[in-house]
Amino acid sequence: MPEMTEILNALVVFTNFVLIPGLAYGSQLALGALGVTLVYGILRFSNFAHGDVMAFGTMVTILVTWWLQSLGVSFGPLPTALLALPLGIAGTVLLCLVTDKFVYRYYRAKKSPPVTLVMASLGVMFVVNGLVRFIIGTDDQRFFDGERFIMKARDFKTLTGLNEGLAIKSSQGITVVIAVILVALLFWFLQKTRAGKSMRAYSDNEDLSLLSGIDPDKVVRITWIIAAALTTIAGVLYGLDKSFKPFTYFQLLLPIFAAAIVGGIGQPIGAIVGGYVIAFSEVLITYPYKKVVTYLVPESWAPEGLLQLLGTEYKFAVSFMILVIVLLVRPTGIFKGKVL
Amino acid sequence: MKLNQLNNATRATLAFSAMAGALILVGVGQSWALSLTILNLCLISSVMALGVNIQWGYAGLFNIGIMGFAALGGAAAMLVSTPPVGNAWAAGSWNILFSALCFVGTIVAAWQVHKKLKNSRFQTIVMIAVLVTGYMLTRSFFDPAVDAVEATDSAKTGFLGGLGLPIILSWPVGGVLAAGAAWIIGKVALGLRSDYLAIATLGISEIVVAILKNEDWLTRGVKNVNGLSRPVPYELDLHHSEWFISLVEKFRASDLAGLEGLAREAVLKEAITESAGVFVKLCYAGLFTAVLVIILTLCVLALNSPWGRMMRAIRDNETAAEAMGKDVTGRHLQIFILGSAVCGIAGAMLTTLDGQLTPTSYIPLRFTFLIWVMVIVGGSGNNLGSILGGFLIWFVWIEAEPAGVWLMNTLTAWLPEGNSVKNHLVQSAQHMRLVVMGLVLLLVMRFTPGGIIPETSK
Amino acid sequence: MIKVQSVSKNFGGIQAVNNASIEIAEGSITGLIGPNGAGKTTLFNIVAGLYSPSEGQILLAGEDITGLKPHDLFHKGLLRTFQIAHEFSRLSVIENLMMVPGSQIGENIWKAWTKRSEMRAQEKRVREKAEEVIEFLNLKHVATELAGNLSGGQKKLLELGRTMMVDAKVVLLDEVGAGVNRTLLSEIGDAILRLNKERNYTFCMIEHDMDFISRLCDPVIVMAEGGILAIGTAEEVKNNEDVIEAYLGTGLKNQTPKSSQPGAGI
Amino acid sequence: MKKLLLASALMATTGTQVVHAEDVKIGVFLGFTGAIESIVADMGPAAELAIKEVSDSGALLGGSSVTGVRGDTTCTDSAAATAAAERLITSDKVSALVGGDCSGVTTAALQNVAMPNGIVMVSPSATSPALSTIEDNGLFFRTAPSDARQGVIVSDILNEKGVKNIAMTYTNNDYGKGLAEAIEKNFTESGGTVTINSAHEDGKGDYSAEVGALAAAGGEVLVVAGYIDQGGKGIIQAALDTGAFDTFYLPDGMVGDALPEAIGPDLNGSYGANPGTDSPGAAKFAEMATAAGFKAGPFAAESYDAAALIMLAMQAAGSSDSAKLKDKVMDVANAPGEKIFPGELAKALKIIADGGDVDYVGASAVELIGAGESAGNYRQVAIDGGKVSTVGYR
């Protein structure tokens, strides 16, 4: 029987390397996936431009952040980017509404099949992709300021006397807190407000909702606004936690899609669960359990190998394996997704 | 007269003439070698677009895993043409053999369990036991084999190599490999709703590429395999070939006329270098055109037969087609395999032209999204349309770069040298490629929704 | 011809068909009526192989066909039409008909490449047949039009026409009259009667128009709440107390005008 | 056309002795878009800085102007890279190429375009050992050393520091993998242990899983064979944040002031080595880069040097013809001769024109050996007080 400290050590290792990073990454994916899923639920197409819109929103936020910083404005221990966020969201909302006006609305009015809209979003993806690089360049941008840590690994060690450290970055804390608030807000909005209810009605049955006097243009507009806000926030949080680079954001599209679909596309709750499923499966499946097990078993049983199910080089493939398996076992995702 | 009112034959004629004109313009204005390089890739792109058109245009299957099939074709090119690495085989052959036996044995055993113990409540338990034991047995032979193979002169080889056969054989082999993968994916995913099929294909193609990148014993992974053999002559050999030199002398007789000695030699040398490049590219172009023509002919024959009619009917309305006695699932599988095989062939051709297998080059932007743009812009459901799309989009993809630079320089010409806005714009000109591609797609979709050469009714 | 034996079907918690047993006699034109939500279309879809029943079985000429796919049933001579027309919208009218015959040589892609002359010969026969059907249905003026551009009534005719491209044993007609104007409806009625007499087709049809049913059907089966309420001639069921009750006392006549709603028809 | 051909032919035959001023073009053939676009954002301007320096000096080939023409390799797409190289060589008629960047596209462009056309390529960043032995007709050079050499250096430094076991992560491409293999081979042979050698993908952003795996395997030092502004930085950041590792070994792609600037004081105590000798070149180059508005990021120095070498070789050959300049590259790069540092290209051109000899040292301490690759003189560095400081040379 391992001693208490051993168990605690094992627990701390696991929390530090699996739980906390998974939670933060999962929250970022979940917010991204929420945007994808809302657009899918209301506008009925998979928006391939999502990753690049995310980059666009983050870019605007960064530019505003720099401007604020140059004015000497700061947000105390919190990153200035949070102050810049509203303007970033405004910029993204503008972009979404403009693309809707010039691209998507035409196909919606024509009742084109969803694939046409998907293709159109591909076009938007290319354009925004180029635009973002054009404006801010391809470089890595760091825009985090303020206090970096809520808890440092070394401080934790001295505090508890344990072997293992536990670190919580403020960006991780902010991410999780904002994600929780946003999700609560979104659900309140969808369940309680008139606009939210009309969105749900529209998503559930377009024709019926039109008969009951819902203004489709308004629903679409609100959807874009919410999706743009969620997307920008997800992008900014991701950028604060890691760093911003257009290419990375483009690459985020695939795990975000995987998250939305695993959860059940068109279902907000599914997007959130999907985000965490993808994030945790990436970490859990490629994590070597050697250290954890070593703490828990008697010394003589200590494992020699790494106890790793799959090498980290397959990390990216893991989310897709999960995706394919979920699709096979439960074709509509964990929470039954919408059928178009 | 508006473009929309033109009939298809006119559209095709106009579009292909314009395309030919553009290539000729590049030939005259830039260089013939560049023009032919673009042409060759246009041809390959067209084949790939045809493959996607078979799936999407004929039957409405939304496959966004093209990258995976192209990568399998590429792997085939390498595996067929590279000579086997003797040392690596010596180091790992027995273990590889055993692990292969174990793998096959596991599959057979699992199949037997599935058949014999159907409806038995032990089925799941026995199945899991068989699979786990099989997996561990296979790994126990496989892991040391991999280590041994990868340790064999890892800087230069570190993989098993291939069969050492002529690379042109790899084109059909690439098709077969892709078809095999498509069969498995189709069996698994074609029961799903269409947009989920798309995501499943996307996921599986990522997995295929991950394997190519990380299974070094098989493909050398990210270290690439260079110098694949060619199905056409090498330029450097041509430089010293008597027949080629005399050929060039004949063709360039007017340039050489009146020149003597050193001057003549210099002109001749330049002419030979230039012609050798053009000659090799023409050889490739001939091969690729042959493949394209064969596949196109088969496509046209098939699309205009009852088979094509049946497929289009399935695309239009699966339920009704099913009620009219068509085996929708079976036909979907068939067409998914056919289309994927064509993509595989194109993938093998591309790797042949590159002369190397570079697993990191398989990215969705280039191999999936770009091909889709070709099909949609060219005209889905129309064979000539997707070929045109392949030509046009690849041409734009390549030429958007210099055009972007030119545009930025022109736009900023009035700004003083060293102006930061000017610098920024000129430095960022490369990103025009993406913007242009997006705009082409959006504009074509908006103003000629069926593509430049849309589908025709019969 | 068709025996439906104690078939039930539930979707989630909803019992759409509840222990229904009916028999469709060979050579008959059987009508299937009932208020909305009675389970007619679900029962149809079960017979046609679109759904498999939760319980019970279906026999076609004594053979168990429960759970067979629609395309298998087609080859056994069981065809259907759809409540909302399922035309092949990007195929021309004649192509819509020509695609029907099963096992065409050219449907095998390999033979489409290698046996060109046989294929062409067969195509010629199929085309002639399709032209006959087009003639029969008075659709000649739109023969080369894309089916998606036809009016609702023409699409219905086209669907009926598809069943004429092969020698069907049983044809299930799902509201063939819905959205069709009076004149065209009577033409469709004539066509059905002729097919029944001349080719010995067995029909089973869901219909709301009682005049149409009275003219064609014998017997008429009434469904309500997933079960069978009554079976008899049109006259008999019209006067059946239970049936009138099931239609909420509104009277059967009032159920009819569906076909003459504004905007419907050619 | 014919006349032009004639004229150029005449020039080529007579030009060996008498130098005519001309408009020389040099291809800057790098991945401006794609996976390493953010690194190339500094490499491109670095090469163009050298080109501008020479062109402005008016000292090349009797006052020739030089311009850089960009071509996009995309880093990954061989087909696009081949087409871009084809355009640069056959249409823009560049005399030589600075590039390519990633080993894959570099090989494709070399074999399919440069070799058939007899054009010199000087790559600043393709480090694959396979390129040492590739058949190149003497046309391929690189200012970056082969990974094989660096493997030895890394192993030596670690051993001297008394490190017995390391964890290692590499960027999953030919550079990272080749380097990681070289390090593992040398370090294991010298008695050390590699607890884990795992890949990370660039451009993914989230490296929780990778760091978790590295931490679980453990080790005194984490060797990060990646890029300074790509996954490599992300890994170090995450490893420090979670307290997984305190000390890092930084190979060439990771050495630069940008790293301590981005990471902060936590990085103090880490060490590494990048190509370099005891020369003031790197510092000078960094100044010039800042003045020109770009960063002296990874491979930027090598890019500057690649362009400089091409132009010095032209001067030495008295011709912008690749067939002639290819034989002079080694001469100008190596001793004997006067040492040339960044910003002194005009001086070097003059010395050569006067019949003197130069030994180009440049920003990355160029010395070419063997088949025309950097000798691999390394500058051992330590991160100290938020700066990269040199501790010695090997």
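General observations
By letter and in written order, the chains are A, B, C and D; residue numbering begins at 1 in each of them.
Simple rule for what comes next: contacts are C-beta pairs under 8 Å (C-beta built on N, C-alpha and C of every residue); 3 or more make two chains touch, one makes a residue touch a chain.
Here the structure is a predicted model, which is why all the values come from computation and not from measurement.
Listed by label, the chains touching subunit A and subunit C alike are B. In this assembly, the chain whose C-alpha centre lies farthest from subunit C is D. Between the Cα centres of subunit A and subunit D there is a gap of 36 Å.
Chain geometry summary: the mean Cα position of subunit C and that of subunit D are 74 Å apart. Mean C-alpha positions place subunit A and subunit B at a centre distance of 32 Å. With centres set at the average Cα position, the gap from subunit B to subunit C is 46 Å. Among the residues of subunit D, those in touch with two or more other chains are 33, 35, 41, 172, 199. In subunit A, 133, 137, 311, 313, 316 are the positions where the chain touches two or more neighbouring chains simultaneously. Contact of a single residue of subunit B with at least two other chains is seen at positions 213-214, 431, 433-434. Of all possible chain pairs, the ones that touch are A-B, A-D, B-C, B-D. Taken together, the subunit B residues at the contact with subunit D in this complex read 26, 29-34, 37-38, 41, 44, 154-156, 213-214, 221-224, 226-227, 234-236, 254-255, 259, 262-263, 266-267, 270, 273-274, 276-277, 280, 350, 353-356, 358, 360-361, 363, 366, 397-398, 401-402, 405, 420, 423, 427, 430-431, 433-434.
Across the complex, subunit B is touched by residues 2, 5-6, 8-10, 12-13, 32-33, 35, 41, 44-45, 70-72, 74, 76-80, 82-84, 86-87, 89-92, 102-105, 107-108, 111-112, 115-118, 128-130, 133-135, 137, 148, 172-174, 176-178, 181-182, 185, 199, 293 of subunit D.
Note for the complex: subunit A touches subunit B at residues 46, 48, 103, 106, 112, 114-116, 119-120, 122-131, 133-134, 137, 250, 254, 257-258, 261, 311, 313-314, 316-317, 320-321, 323-324, 327-328, 331, 339-340. Within the complex, the subunit C residues that touch subunit B are 48, 50, 69-71, 74-75, 79-80, 82, 86-92, 95-96, 98-100, 102, 104-109, 112-113, 116, 119, 123, 126, 144, 146, 162. Of all residues in subunit B, those touching subunit C in their complex are 298, 301-302, 305-310, 312-313, 315-317, 319-328, 334, 338, 381, 455, 457-458.
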